[in-house]
Every structure is written in C-alpha cells, then in structure tokens.
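The chains carry the letters A, B, C, D and E, assigned in the order they are written, with residues numbered from 1 in each.
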C-alpha cells in the first residue's frame, strides 16, 4: 500500500492564558484509498488533528505529511465541525466556493454544484442565505462544498452530526459509493461507533486529552457493507471492544473534571 | 394528567425573499412531567417549534400555551442547536448567565454553577473563553447553562449531537435522573431514534416540510430504563416502526429536492 | 441690558477716573502687533489707573460680532467690514468709536503682486485683469478701499479681478507658486517675500492717513454706560501718547514688555516696523461713504439701499472726550 | 423582547401564550404600516422643531438677527435658487466632495486591507498613520497650496485625507476582528490572493466598512465646508462664511440647511448602498421596518 | 495563508508537509522577537522620514521657510518647553479635549443604544440626527458663543458634538448588525433591561464601539485644534495658528508635532483599552504579534 498521510510523533500545545496540551505523540499512517474513522472523547484533539492534516495549524512537535498525486492542487478538502460556511453567500455560492482555488471549466463547476445540491436535497434552497437555513441544512451545505471538490483526501469532522437518522444513512451510502468508485482517502471523525464500523477500514481510537492513539482497529467486514451488518454478532462485539476502551477514557477525564 | 404545553393548530411561514412554509397545522399537548422526544427530517421545523414554545418566534396561525406553576418566573429554558453561548463570557460566566433573569441567592448560583460544570467535565476550563473550546465542549456549556436553571420546562434542541457516545450516555443518565427526581417537563429534539426511545415517554414524529405531526407514539418501556433495553426485541420493533415512517418522509423530500 | 448689568452706574470723577471699579470685556482677533494697543494698555496699567478692569478675549471678528451686538462683549478691536455696515443698517446698536493703529510709510504691509506677473516689467493695474487676488477677508474688508483705488487708477473694474479668501500667511506660498497673482500682505510676511524676490509691493494697504484697525463699541457702552466707554478710549489714547510714539520697537524696555505680552521673541518683533498711533483721535473724512462706495461695486455685499450717514456708523463722543482728557 | 403574553389558565396557573400578532396575520399590511409610520415620524420631528422655531421667532423670544425665522430663511432660499447662486455653489462643493470622498475612501480601504493583511506593513505604518491622523488639516492647507496651487486639487486632497484615515482604521479593525473560521475555510479550499479578497475578506468586512463610509461621508462634508470657509471664492462653505461676515444670517442659514440636507441625502445613499451590498446582514432587515 | 510547505516525497509524489515553525518551537522567544520587530519598525519608519527631511532641508532641496529642518523644530521645541508655553498650551487643549471627548462619547453611546433598541426612537430621530451631523461646526461656533458665552464651554460642546455623531452611528449600526442568536439567548433566559444591556448588548457591540472611539479620538483632536484656531489665546491650536500668522513655521511645526503625538498617544490608549475590555476578540491577539 502507498502511504497517503503520514503523521509522525505529533504533539500540539495551545499557548495562551491557560495553555492546553491537546495532542501528545501521535503517530499514524493512512494509506492511499483508506477510509479511517477517528473516535475519541469530546475535547481530545480530533478536530485539532484534522486541522493539522489540512495545514490550518502547525504542530508543536513532529511532522504531518500528505502525499498528492496531483502535481499542483492541494490534495485535501474538509467538512468543518462548525460548518464554516459564509453568511454572505447563498447556498449555491457557498458550494461553488469550493472550486475557487481550482481551475475548473465553468460548465464542470455548474454540473457538480447542481449534482451535489440535488443529492443533499438543497436544490430548492440554492438561492437562500445561510441565515434562513436550519442547522442540518447548513451542515449539508458544508458537506456539499467539500464533496463537490472531489479531493484526493477528504477530511470530515462529524459531518452527519446534525442530520436526521434517515438522511444520515442516505449520505453514508453516497459517501461510500463515492469512495469506492474513485478510491479516495477519507479521514472521518464521528461520535457514533456504529457509523465508524459501518464506514471505516480502520477505526482509530484516541485517549482523553492530551490525545494519544490508544487503539487502531481494522474493521473485519467485507465491502460493500450493508446496514444489515449491524445485526451481526461481530458488530456488537467490535462495538463493545471500542466502547470499553472509550469508557475508561471518558470516565478518567470526567472524574478529573479535566476535559 | 395536567397539561403543561398546549400547541393548537400552529402554522409558521417565514416571509422574505423566498417564503418558506415551515410548519402547518401542528397540534400537540404535553403533560406535566412528560418527557417528549421530537424526531423528523432535517429542516422540517423542529427548531422552529421549540422556538415558539420558548416565545422567541410567533406562529403565523394558532396558539402555543405554556402553563407555569411559578407565578412569576418564565417556565422554560432551552439548549440551542447552535449552542448560542456568548464569546465574551468565560465558560463559568456563560453558565452563570442562566440565572441573570432569576432572583437567586448568590451562594445558590455558585453551588449550581459548580455542580453543573463538574458534571459536564468543564471545571478545568471554567475560565476559558468559548474560542478555546472544542465543539463538544461548547455544546456542554450550553447544556450546563440550561440545566443549571432547573426550569419547569426544559427544551433541548439536539443537545448531545456533538458529544461522543460515551459522554452522551453519561449525560442521558444525568438527564433522566434529574427528570425523575424533580418531575420536570422535557421536550427533546434528537436525530437518534435510539436516544428517543431510551429517553422519551412519547415520541412525536414530524413530516417533511411543511412539518406536520404524522405519529405520536407512546414508548412502552418501564422506568427506570437501562441502556440494556436496546437489545430487547420490542426496541428494535419500535425503532423499525418509526424508521419506516421517517424514511418515507425523507425520501419524499429528497426526491422533490424540496427540503 | 440695564446699567447695573454693565458695570453699574459708575460715573467719571474729577480726576478723569471712574468713581467705581468697572469691568469691561473686549475682544481682539489675535495677539499680534496691529492689536498691540489694548493688550499693552492693560499690561501698562493704563486701564487700572482709570479704575477699569478690562478682560481681553481672543476671538475671530466674525465670532465676536454677535456677542458685541447683544451686549455680551463691550467692545471689539478689528477693522471696518461689510458686516458692521449691514448690521448698523439693520438696526444693530454698534458703532466705530476710535481709530487704532496706522501703518507707517516704511511698513512692508500692503498690496503685493508676484514677480511672475510682473515678469520684469513695471506694474500696471491692468496686469491683474482676470487674475486671482487674495485677501484674508475676501472682498468684505477695509483693505478693499486701497485696492479698488489702485484698480481704478488703471481703469480696471473690481469685477475684472477674482478675489479669493485666503489667510495672509497662506498667500505667501500661493504667490510664490503662481496660483495667485497678488495679495494683501502684512508684516512680517513681507520679509519672506522680499528675501526670495518672489513678489513686489505696489501699493500701501490703506489710503494716506487711513487707520488699519478700529475700536467698536456695542450697546453696553454706547447706551448703558458711556462714561466707562469714554474712560476706556481715554486710557487707550494715553497709551498711544505715552508709550507708542516713534520707533517704540527699538526701545529695549518697551519691546521686552511687548514681546512678553505677545509671546513672541524680541528679535522677531524688532524686524517689524513700528506702527503709528495718533495723539488726536479722529476718523478720515468721508470714511463711511468711501467704504460704502467701494463695497457697492460688488452687487451682493451691502444688504441695504439707503446710504448710511456718518453718525449712524461712527460715534464721536468717546474720541472727543478722550482728546480732551 | 419576548413575544409571549401572560394570562391565567383555567386552573389558576399562569399561562404563557404565543400567538400571531399583526405582523403574522397580515405581513404586507403590517410592513406597509410600519413604513408609513417610519416616514411620518421622520418628517414630523423636524417639522415640529421648525414650527416651534418659527413661533418663537415671531413671538420675539429669540433674536431674529441671529436666528431668523424659517419662513424668512425659506424666502431667502427661493431668491438664492432664483438667481442661480445656490446651484453654482452646490455644484462646486459637491464636485470637490465626491472626488475627495471616493478617492480618499478607495485609497483608505486599500491601505486598510494592506495593513490588515500584512503584519510587517502594520508594524511599520500603523504608528505613523495614527500620528498623521490628528495633524490638523487646516494647518496643512498652506503646504498643499504651496505644492498644488490654489484651486480644486488641494481641497480634494484635504477631503480625501479626512476620509482616508477613517477608512483605513475601519477596514483594519474589521480585518483584525474577522472570525478565524472564515480564513480557515478559505485556506482549506486553497483560495488565495485576489479571489480570497473578493470572496472572503471584502464581504466579511463590508458591513463595518459601510459604517466607516457613513461616518466618512459626514466628515467629508464637514471638511469641504471648512476648507471653503478659509479659502476660495465659491462653494456652500464660502457662502456660509461670506454671508456671516456680511451679517446676512438668513443667507448663512440657507447654506447650513443645504449642507445638512446634503449630508442627510448622502447618508441615505450609504444606507441604500448597504442594503444592496449587504443583503444578508441583520441590519438590512432591521432598517426596513 | 496555509502553513504547509511543499516538497517531493521518496516516490516522486508531491509532499505537503506541516511542521513546527519558530513560533511552535519556542513560543516565548518568537513572541519576544515579534514584539521587538514591531517596535523597531514602528520607530524606524518615522525616523527615516525625519532624517530624509533633515538632509533635504540642509541641502536646500526644500524651502525651509515652509519646511524648517527637524533639528530646527527640535530646538524651537526645547525653547518652548523651557519657557513653559508648550506645557500651558497642552494643558488647556487636553482639558477641553478630554472633557469633550468623554461627555460626547457617553452621550453618543447612550443615544446610539436608544436608537438601536427602540424602533420608534430610530424612526423619529435618525433622519434628524443624520442631517445635524453635517452642520458645519465652525459655523455654529458664533451661535454657541452667543448662547454659552466665551470660554471653555463652547469648545467642549463642539468637541462633544463631533464625537457624539460618530459614537451614535457606530453604536446604532453595531446594534442593528447584532446576530439574532445573542438576543434570542438573552430572551430565552429572560434577561431583560439593564442586565441584558450589561451582559449581552454592550459586550457584543463593544469591539465596534471601540473602533468608533478610535476614530472619535482623532476627530476630537482635530476639532479642538480647529476651534482654537478661531477662538481663545492659548492651547496648541492657537499656537499653531498664531505662529503661522506671524510666519514662524518652526513654532507651527512644534505645535503640529505635539498634536500628532497627542493623537498617537490617545489612539494607543484606545488600543490598550480594547485589549483590556475585549480580551476575547481576535484583534486582541492579532495586535499582539
């Protein structure tokens, strides 16, 4: 397998009034076309790690490398946890913004924008400003913007958190289809173990702050997976295993009041 | 049973550049000490309904009544979907803000703030500004603010969406404990059917926009419920039933591109 | 206001002093050499000697005028202007009561034209046709008298020259870079112009025997308490007579006093020409009518039609008393 | 604040009710009424003040030499319009004003963007510019006359300078206060340079820049009038000064009123511009009703 | 923008790397260096300009009657400090400035809050105030003198007026632009009246109000100096005008430099105030490095 993302001994400390040790000694390799799910207690540094892969923050120690097939274009696009869409752009303009950094024929842009607005059920609202959208609709705009770019590496920070269960399942399938078809690399932060098992090749479990990697589990189910695997005993077993590890972490951090 | 919230034939239309029919003819009664979960496709008007119960929006038709035992204090407090905490206040000040509208002895305020910061694992960050918090931590501040007020009616708009599975379970238990102990009324919007079944006395299912109530299901499990009921066959059955109804709605709205 | 409001009913005693101490407030446009007299009269205790307690406010003339007309100021030290004439015609109780300084023959102040305009030739008023000419009061001041006479001598109408408002100091750079062709210039600006040879003085600022500044009284002194006004003018005249004759700026003692009051270095003052001060106070003949004729040449300046009489504008009782005492 | 009304329920408990108000029942009629109300009030207040002034003047309660009655000012205004003075003055003033305003604002905005985006430029130039801000413009006039000669240019420059400082401060502070999330989203999609400016930075600071513009417009009017006070021979400012120095208070007031109206119209224009340029901002809606 | 550096991986693919920079490796040293750099640059630029001016003056490239050499200005300044003139002037000016600034700003802020919070007040008063904004202050001075007499008060009022308008516009626009979510959270917890003001409205508009204050401070200095030009016999403005009218350019420049420094110091003070009052705002961090 070819390495796509190489995270080596990364640490991150936020300086300031009261400094926070967010990550400590994180080493992780993501292969080309791998779908990695990242789980861990709230505040453990998942978003921080994604931001560093994206090049938005610099680590305090270690290096993060992303290897790109394209000689020019940056390989990553991201769905932000807080959506980060622009209030001064309409839904359509927000999605189109994803292409601003890339040289793409106008017709191609139009087609992709239409496609993703359609898939995310936003067509009717293409001319609406974010202020007139519901929470879930804003999140969908953010998802559409990142997916429309079709990047080599897709970084998704709890992308489906604000969506209803049904839509979530639809989009999970969309995402899997996209991934299988183009073999993109995905790093996917989620709080749902079910979602992680359903989607991921690997599940990386992080400890409470300062975040370290405490488990890196390969998901044993074959592709394509159907939602039916939820009922398989291995599924419950795997979920239980991850669960046990997480519980310790959360308890530890809650008891210390130290999240 | 005594009625706590009475929603009668409520409709809501957002005027503006392109008007949106958000809710249509919603009638719902919530009894005193009832725990009602509200589920429905993204953009169907759940937040809008909560806002109206809170008195933040006026309906276009119909009335919303909330009956208070306290002769003076407003009966409601809310956890907002977008957290709505103040960037200029520290975590502690944000939680304390909940008391500003109520006349409470200072010592009592302090005690409650401490208690809820502790329970939500925020003690260590009490002096941090929201800008230095992770998404889940911000949501916890918003939860702490509403819970600390201990209102007669608690309105919660996807309160646990940004929290990890483990913490979510801890807080679900906290919430249930609080509710059982003081018999408060809770209206709880969630996208997780599992969560709805685990927590609610009733589950109200809404249609795609314009939101109507298409099902009002009483949850047959006894209290206190343990997370173990997930494995009960009735659980899966109930989930499947709601699921089926929701799927139609979501499909309908996605096909029409009409969310 | 009532007599009580303005210094009470003090009258003149036999010694030429007021019987009671009386407070007066007068305004001057700035602490400069032409405005020297009231400042120094105060410093040299000429007012004190006559039992007057004078406060001097620095205020631009336009700002001071309403205060004078409403009795909030007792007098102002300035030049005659269109505003005064219009106000008098409109019934304001304001009069000229005494001349102030006169410019000496040697004074550098006057009408200057730029060397660029002359271009080596002898000055002809017709050279100013269609040119810009700067004056700090525009066309509303007393300087227009000499200027219009100058133009007339060359057969040029006042409407053939564009008169722009510009402070005298600003006129120096403007003359030098050719944006204006002439200006009314006061000392010590002439030194700068002469040094650079950038402009030439072609006429004095005032007709022969015409004063530069003028003392105006408002209703408080004209009507309510004329005795205080008389004593005030007399105090000024005795300052003129005792201290401000000859080349007083060459006198080390007096110039030191002056420098202290004006907050200017002695050396600067010594470069200036001493202004002349009259020992007998009187206004030139036809003072009012001449001003009117000059200003009438512009259609929109005087807002009345019937010419004013000298008595309407000048009140001589104060000068007359002062000349006697 | 809250849209709830309180009452008492059947069982004696307090009832908090939310129900449709005028606005919900008939949005159009409501909007129309609000608009009418707003316009009426906006006109009424000045009219009442003017009438009071007129009455005081007629009753001799105020000194009409300095505060002539509005009717008198009005008739003078009619004369001045009739003989064309007012129009000439206005043309001169508005010309200088607009050229100075636009150029000063553009240069100031660019400077503000530069300072906001480059740490080095900020460190090097902010202290200097802060100090230059308060250099009295009128004291600089002689130097400008020296360099540029008499005429329109020095006035335009003075107006431009006045606007420049307000513009760069507004833009700089707005950029520094930009929420980090916007910049991160731009970086994440590799939007740089001019595109980043156009799609992210400019729209994000636009609301505050327009506030700066509104303040600038007023200041520019003040400066152009102030400069015409001390120099020149035409323009509304000259007219005001000249009228006052020839003791024609009614003419002066005509000038003052014209300047006030000019300022009001320009500020309306800026508000209109805000509505068009910033359709997403809350204030756009707030102003409408 | 992005913190990534690009290179080539072992297999020839393009490598995008993020690694610790100076800032991460030694945050303290980095902050110290940045601070030093900032101060150095801030001092260097004016010093270079002054030296250039001095050289030009000495070489006779500029007219020293209008642009005396900085050394000459310096020595004049020393004289003026020695004989106490400068200090007296400064005291007079600063007194008027501060009283006018503070009172105008407080009244303006209150007016802005009122207009921002009450639709009726906004409809009734905004047009009127917009028009009053551009009434030339200098033309109003004679009227103020008439009403309040000669002295400090009319100057204070003029400064206050100038600041008032900038303050209310800033506050009003900031309130109208407040994100609705803040107000909803306040309503949801039934926080009303003064508490809502203190906990929500004021902190939310504070950053923009401080920008307004920064602009106001500069404007106030300009106004006080402008008023001293035409009225009074002390204060920095009088000194500048008086020096120029007796053609003492060096003294005029001393005055101008003092005014510039005054403006700079006050704007520093406002920035300091911003850091203390708005510790959460991004600009607080941006200014620090």
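Of note:
We adopt the following convention: a residue touches a chain if its C-beta (ideal position, glycine included) is under 8 Å from a C-beta of that chain, and two chains touch if they have at least 3 such contacts.
To keep track of the chains, here are their UniProt names: A, B = Mannosyltransferase; D, E = ABC transmembrane type-1 domain-containing protein.
Here the structure is a predicted model, which means the values were calculated and not measured.
Any chain touching subunit A that also touches subunit D appears here: B, E.
Counting C-beta pairs in contact, the chain pair with the largest number is D-E.
A rotation of 180° superposes the C-alpha trace of subunit D on that of subunit E, rounded to the nearest 5. Centroid distances from subunit A, each centroid being the mean of CA atoms, peak for C. For this pair, subunit B with subunit D, the centres built from the Cα atoms lie 45 Å apart. Taking each chain's centre as the average of its CA atoms, subunit A and subunit C sit 84 Å apart. Our note on geometry: subunit D versus subunit E, Cα centroid distance of 18 Å, whole angstroms.
For the pair subunit A and subunit B, the distance between mean C-alpha positions equals 26 Å.
Residue positions of subunit C touching 2 or more other chains: 62, 65-66, 70, 167, 169, 172-173. Looking at subunit A, residues 55-56, 74, 76, 82 sit in touch with two or more other chains. Contacts with at least two other chains are made by residues 2, 66, 142-143, 146, 187, 190, 192, 241, 244, 282 of subunit E. Each chain pair that touches appears in this list: A-B, A-D, A-E, B-D, B-E, C-D, C-E, D-E. Of all residues in subunit E, those touching subunit A in their complex are 2-4, 9, 11, 13-21, 23-25, 27. Within the complex, the subunit D residues that touch subunit C are 63, 65-66, 85, 141-143, 145-147, 149-151, 230-233, 238, 241-242, 244-248. Residues of subunit D that touch subunit A in their complex: 181-182, 184-185, 187-192, 195, 199-200, 203-204, 206, 278-280. On the side of subunit B, the complex with subunit D involves touching residues 2, 15, 52-53, 55-72, 74-76. Those residues of subunit A that touch subunit B in the shared complex are 14, 16-18, 20, 39-43, 47, 81-82, 117-118, 121-125, 127-128, 132-137, 140, 158, 161-168, 170, 191-193, 243, 246-247, 249-250, 253-254, 256-259.
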